[in-house]
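Okay, so subunit A shows up in both of these, paired with subunit B first and subunit C after.
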Partner chain A sequence: MVVIQWIINNILTQAAILISLIAMLGLILQGKKIGAVISGTLKTLLGFEVLSAGSTIIQQSLAYFAVIFQHGFHTKGIVPSIEAINGQAMNKLGLGNSIALTLLGIFIVNIIIARFTKWKYVFLTGQALLWMATMTVIGGHFAGLKGFPLILMGSIIGGIFAIAMPALAQPIVRKITGSNAIALGHFCTIGYLVEAGVAWLVRDRKVDQHVTNIKERTDSWEHVKLPKSMSFLQDNSLSIMVVMVPLYIITAAFAGPYWSIKAAGGAAGGVNYIIYAFLQAIQFTVGVYVMLSGVRLMLGEIVPAFRGIAMKVVPNSVPALDCPVLFPYSPNAVIIGFITTTIGTVIGMFLSPLVGLAVILPGMTTNFFAGGTAGIFGNAIGGKRGAIVGGIAHGLFITLLPALLVGALSSVGFVNATATDVDTITAALLYLWVIAPAFHAFG
Partner chain B sequence: MAKVPTVFFICGNGLGSSLACQMEADDVFSEAGIEVNSDHDSISDAPSLNADIIVSASNFESQFANMQIDPKTKFVYLDNIVDKDEIKAKVLPVVKQIADS
Partner chain C sequence: MSFWSKIFKSNATESNSAADKETNETSSQLTDDEKQQIKSQIKDLTEQLNDNDSESVASNKQKATILTQLGQNYQELGNVDDAIDAYEKSLKLNEDFGPAFDGLLKLYDSKRQKAAYAKNNDEIQKWLNKGDELTALSKKIMRSK
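For the complex of A and B:
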């Protein structure tokens, strides 16, 4: 018993060690050479610690921003950042080990469903699965679940999402890629379907009623010449800075020197308060950059292992991949989707306080990647008008959903951040609105 | 086969689609029996990589054009980054050329 207790206390509760062991298992099951097993395991360990370091940087910057926003605008401004949520869940709430095990559980449930049903999707976007594991664990934590039931429920719900989301998107993805070879594995899919639905309602009914491939569309943004100057936003670090720098500077200007210096811990190193805000905005970007480097190191070993195993176990599997895989099929719609989604999120930012919700600041990374993909869906279903109206609706939708989560997140101790990726939010809301009440009623 | 080429797969975040592309390409390389050092990264890091070949999606071409990257690095742009046939047709010849050099 003492030995088991020691293992639980020192190994299974240490998320970094746990996730490296998961990676090691995956590498051994693939029959890798001993050198590759050791290097892969160590890289995963390193990746997890780099991820934690990045999240500490994000939290420091967000804590400062929370104070200046509060004093600048007399309301709470919530930054939508799934990275910040993941970091706070792992570090502050100590949920890292549950998240690591849930990630593994989602893989297993995904493979089981794909093996035994007609939905052959294998979800290979590692970071999206990590965010899903994070949100189901947070949801379960909020509902009062602990230990094995928390992980089991998260794995089942996450695993179902990992199959259902690619399956729901596939009819439209087939129109976009012209084949059934790949699926979309990105947990913003409900947003894409919202955009596609709105686009379908407002489409030009005189044309393109029976196209099976977007290349055949006559009413499409792909026939319009657009400036390519927006494409730099594909660079994630740049796109974050483009928003965070003005956001921090404007907020600091409204907060004034007194509160800005106080938020900086009293001194700000003798630097002018606007310059300090500028540097803090860069710090936020640094945090995301470091964190994503950690995610890359960590998942670079686990995802190929999962893929190797899934391909053996599931015949005729269809890989569900990250959204930029679709970008080359419809590059103009990506730009339109980004612009219209951003317009929608800005409208949403001003509207949400009017209906009693928190102010959700626009998140540029999501606006580009999710907005761009949503634009492809809108254009594929509703042409030019569909993409524009659908894009604005998408922007409103991805602002509303995180806003609904803010209360629950702050009640369990999250500071000034909310999740992005609407499918993961839907999973969390499922816990909040269905599972938690049921658990309290029967438990 | 004098040299093991270093191939980097690049996307916006260096997380999802670059890894997807790398996994398909690794299959192609091992089928062809060529040893390759492959890894994936974000476009922000591209100028600092010591790569023989950079593989990316065609929509990134204009951004690489603005970067100062080691002139020895060869670029391959793919329309469908997970299409094994396209990888065979476009990436494999460049890898072979470097491996034989």
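For the complex of A and C:
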């Protein structure tokens, strides 16, 4: 008994070890040789530690930014970064263990629903599942859940989202791809549907009323020649740098040398405060880069194991894949979606303090991938006008939703960051607005 | 059938994947004449490919177009492996969106489904990974646009 208690207290409560054990289980279930099992388990362990290191870098940079923004603009400036949220939840709040088990639980619930119902979608974007596990655990933590109920509820809600989101998007995805072979596995789907809805409302009603495939559309951005060279922004590190460097420098300039140096811990290493802000922006970018390398290393062994098992249990599944899978069908709409979403997020940034919400700074990576994919939806449903108006509405929507989460996140100890992918935010808001009040009412 | 066997045992009657069926149906719908015509087109295209052995960029694009046509012909005949091979070679020579990209996306999935019914883990992983490579290529192409 003492030994079991010791194992539980010292080994199974360590998220790094637990997640490695999950990977080991997956590798054993796949019938891998002992060498592959050992190397895969160790890689997962390393991945988790790299993720933690990246998260520490991000947190330091964000803590500095929080101070200079507060003194520069006398309001709170929140950076939308799901990586930062995941890192802080895993390490600072000690939720890593629950997140790892919820990730496994979401896999299982997804497979069970796909096996027994007509919704055959299997969500294959591992990173997105990790973000969903993170947000359901944070939501549950906020609602006061702990231990097994926290993981069980997260698994069920996350598993339902993993099926429901591809299923909701599929009628439009079918129009885009012309077949039912693939589905969309990206937790920004509610945003895509918002864009599609707005696009449908503003569409040109004189044309393309009965198209079943976007190739048949006459009113489409795909018939327009667009200037090149915007797409470099889809490179994660570059796009973050392009926004963060001017943002940090301008904020530092407004805060002035006194607060900038105070935020840097008093000395800033003798460097000029503007240069220090520049270096901190780079630090943030490095943090995200390191964290994502860790996530890739960590999931590199778990996701293939899950996919192998899922495909065998549900051989007639429709794989739900990451959003770039749709880019080939409508590349111009991706560019339009990115530009219009960015315009929407900038408008949202200025509007949100007017309605009493925190200032959410635009996140360029989300704007490119979620905005680009939303652009495809808008163009498919509402043509050129639909893509533009829908894109701006999408930008506003993905700024509003994270802003609603800021209060709850700050109250449980998150530093100056909010989540990005709107489906994961919706899951967290479900806890905040429905589950937590229900617990208080009946509990 | 017990709960666990229901979970872990796929239905034997489902052994033909939907995509596979689609391929078979397309080829079985063809008449002998049509099949013969496609085969002669394949022969012509293969000869064109052998003649066109220069390494210039223009020639690479030409070769890619021929390979894509070859892939489409193989796909019509239901010859999935040769179609995949031709499409992959085409994309290697000219990384761009188009019929080769679309064709591969569908054929990889049909191969993945077949492997899933056969419960062949290595094959499942192989075709899923190929799908991942295609998604990565999609990002790369967008970046160069």
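Here, the second predicted complex is superposed on the first by the 443 of 443 C-alpha atoms of A that agree within 3 Å, B and C clash if a C-alpha of one lies under 4 Å from a C-alpha of the other, contacts with A are read in each partner's own complex, and residues count from 1 in each chain.
Convention: contacts are C-beta pairs under 8 Å (C-beta built on N, C-alpha and C of every residue); 3 or more make two chains touch, one makes a residue touch a chain.
All values derive from a computational prediction rather than experimental measurement.
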{"item": "When subunit B and subunit C are modelled together on subunit A, clash or fit", "value": "clash"}
{"item": "Subunit B versus subunit C as contact partner of A:Val313, first or second or both or neither", "value": "second"}
{"item": "First, second, both or neither for A:Ala438, with subunit B first and subunit C second", "value": "neither"}
{"item": "Partner chain in contact with A:Ile7 - subunit B first, subunit C second, else both or neither", "value": "neither"}
{"item": "First, second, both or neither for A:Arg296, with subunit B first and subunit C second", "value": "first"}
{"item": "Touching partner for A:Asp322 - first (subunit B), second (subunit C), both, neither", "value": "both"}
{"item": "Partner chain in contact with A:Ile182 - subunit B first, subunit C second, else both or neither", "value": "both"}
{"item": "Subunit B versus subunit C as contact partner of A:Gln30, first or second or both or neither", "value": "second"}
{"item": "Partner chain in contact with A:Val207 - subunit B first, subunit C second, else both or neither", "value": "neither"}
{"item": "Partner chain in contact with A:Leu238 - subunit B first, subunit C second, else both or neither", "value": "first"}
{"item": "Region of subunit C that runs into subunit B when the structures are aligned on their shared chain, from 24-32, 42-50 or 132-140", "value": "132-140"}
{"item": "Shared contact residues on subunit A - subunit B and subunit C", "value": "124, 177, 181-182, 228, 231-232, 234-235, 304, 307, 319, 321-322, 324-325, 327-329, 331, 334"}
{"item": "In the complex, subunit C residues that touch subunit A", "value": "6-8, 10, 14, 17-19, 97-98, 101-102, 105-106, 109-110, 112-113, 115-117, 119, 121, 124-125, 128, 131, 134-136, 138-139, 141-145"}
{"item": "Contact footprint of subunit C on subunit A as seen in their complex", "value": "30-31, 112, 115, 124, 177, 179, 181-182, 228, 231-232, 234-235, 304, 307-308, 311-317, 319, 321-322, 324-325, 327-329, 331, 334-335, 372"}
{"item": "Partner subunit A, residues of subunit B touching it in the complex", "value": "11-17, 19-20, 23, 26, 39-44, 57-60, 62-63, 78-83"}
{"item": "Of subunit A, residues touching subunit B in the complex", "value": "124-128, 177, 181-182, 186, 228, 231-232, 234-238, 289, 292, 295-296, 299-300, 303-304, 307, 319, 321-325, 327-329, 331, 334, 368-369"}
